[in-house]
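For clarity, chains are labelled A, B and C in written order, and residue numbers in each chain start from 1.
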Amino acid sequence: MSDDVLARLDAIEQIKALKYRYVRCLDTKQWDDFADCLLPETTGAYAGLDFADRESLVAFMRKNMDESMVSLHQVHHPEIEVDLEAGTATGRWYLQDKVMIEKYSYVLEGAAFYTDRYVRTPDGWRIAHTGYERTYEVEMSTKDLPNWKLKVKPTH
Amino acid sequence: MSDDVLARLDAIEQIKALKYRYVRCLDTKQWDDFADCLLPETTGAYAGLDFADRESLVAFMRKNMDESMVSLHQVHHPEIEVDLEAGTATGRWYLQDKVMIEKYSYVLEGAAFYTDRYVRTPDGWRIAHTGYERTYEVEMSTKDLPNWKLKVKPTH
Amino acid sequence: MSDDVLARLDAIEQIKALKYRYVRCLDTKQWDDFADCLLPETTGAYAGLDFADRESLVAFMRKNMDESMVSLHQVHHPEIEVDLEAGTATGRWYLQDKVMIEKYSYVLEGAAFYTDRYVRTPDGWRIAHTGYERTYEVEMSTKDLPNWKLKVKPTH
């Protein structure tokens, strides 16, 4: 039993690291490494924005999360359940995100609960499905904030 | 000794999951599940707002965190100490919270350090005391932000 | 092997607790406890602001993060790699920070990726190097928000 507890804790740590890599690659726009967190058959469902496979999901991100967009995606409160025998897991996360597009004076702030599925592969755990439901989403314009300044932008 | 380390790590994971459930039920207004994270004798002390038992604490939340209020409570930096023999634990967390009441153009943003006590019961770990001290609290009015828009609200 | 997994998980928990203590002491301005997270030879590199040792790093914080400054530093997404034999570790974290100076109507919000090095000492793990690269940094003035109010400030 002690071995099972340990194997479960170890799997949870690996799944957390996978999720952190997924959002890090999203915010730093490293699309090849982002794609590597997913499987060819991975599906996505972001509050009404659906993807049937990895190819369409990554293509969308690559096109829309372009250099003009500065983003923050931080995920919290992992509630991860592992089925060691099946090599599968589910995960719930509490997202906080922010998107800024300076040229449109656009700022979005929101939060959401992620519901993910993971599978264990010979190369480690991968995301099989990822999706979220928003708790809220706020839009603002920096035109209302004349002294708002984006001082540092990421350099990729 | 190795078994003790493992039991402690396992207890810490369970206490984290309990705390995540507590704030998830708070932000999604699932008051029965929220109450289930506490014991009948659980006390609360939120920066001057005190509760002597679960009944009064949950009744307050149910009444005040109503549908007009959109909230975000995310807890970070768990520093959890477990006494395995006594079946008790303490936890420190770093909260970031946000409350929005659209009809009053009201936005609150703040942070605080939680100091919790937990006890192990036959049904799993429960919160015996929860409370926080604020590091800061900021109030704003969306009247100063004419383009501010609450695009998505939670549906419960 | 099972013992190694356990020792690694235990080290990761201790390193997380160390990092949480470091940022808690920063935001609560407990400079002696802050210094205790570092070694005399610890170096720092905060997006262009470099420190060659603990003495200069702590002296800078003590002087510049004074009582007029309210700060939030929350670190997320730990990706920690431990070399148990060498007694060393590396850590990546995703920071979200906020600084407010009321008398200057000044608000800064940003995010960054930390890259830390840790060493195991007879007194526990310590930070040997800490530094970050920003993904973004935004400055605002509360002069644009006439209803902005700092309701609660920390009392140290």
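As a working rule, a residue touches a chain if its C-beta (ideal position, glycine included) is under 8 Å from a C-beta of that chain, and two chains touch if they have at least 3 such contacts.
Treat the numbers as computed from the prediction; the structure is a model and nothing was measured.
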Open item on the list: What are the mutual neighbours of chain A and chain B in this structure?
Closed with: C
Task: Equivalent-chain rotation between chain C and chain B, CA atoms, steps of 5 degrees - done: 120
- [ ] For copies chain A and chain C, work out whether under half or over half of the interface numbers are shared, and give different or same accordingly.
- [x] different
Open item on the list: Roughly how far is chain A from chain C, centre to centre by C-alpha average, rounded to an integer in Å?
Closed with: 24
Open item on the list: If a residue has to touch 2 or more other chains to count, which residues of chain B qualify?
Closed with: 6, 9, 76, 144-145
TODO: Mind listing the chain C positions that touch chain B in their complex?
DONE: 3, 6, 9-10, 13, 17, 20-21, 23-24, 27-28, 70, 72, 74-76, 100, 144-154
Open item on the list: Going by the contact rule set out above, which residues of chain B touch chain C in the complex?
Closed with: 2, 5-6, 9, 12, 47, 76-79, 92, 94, 96, 110-111, 113, 134-141, 143-145
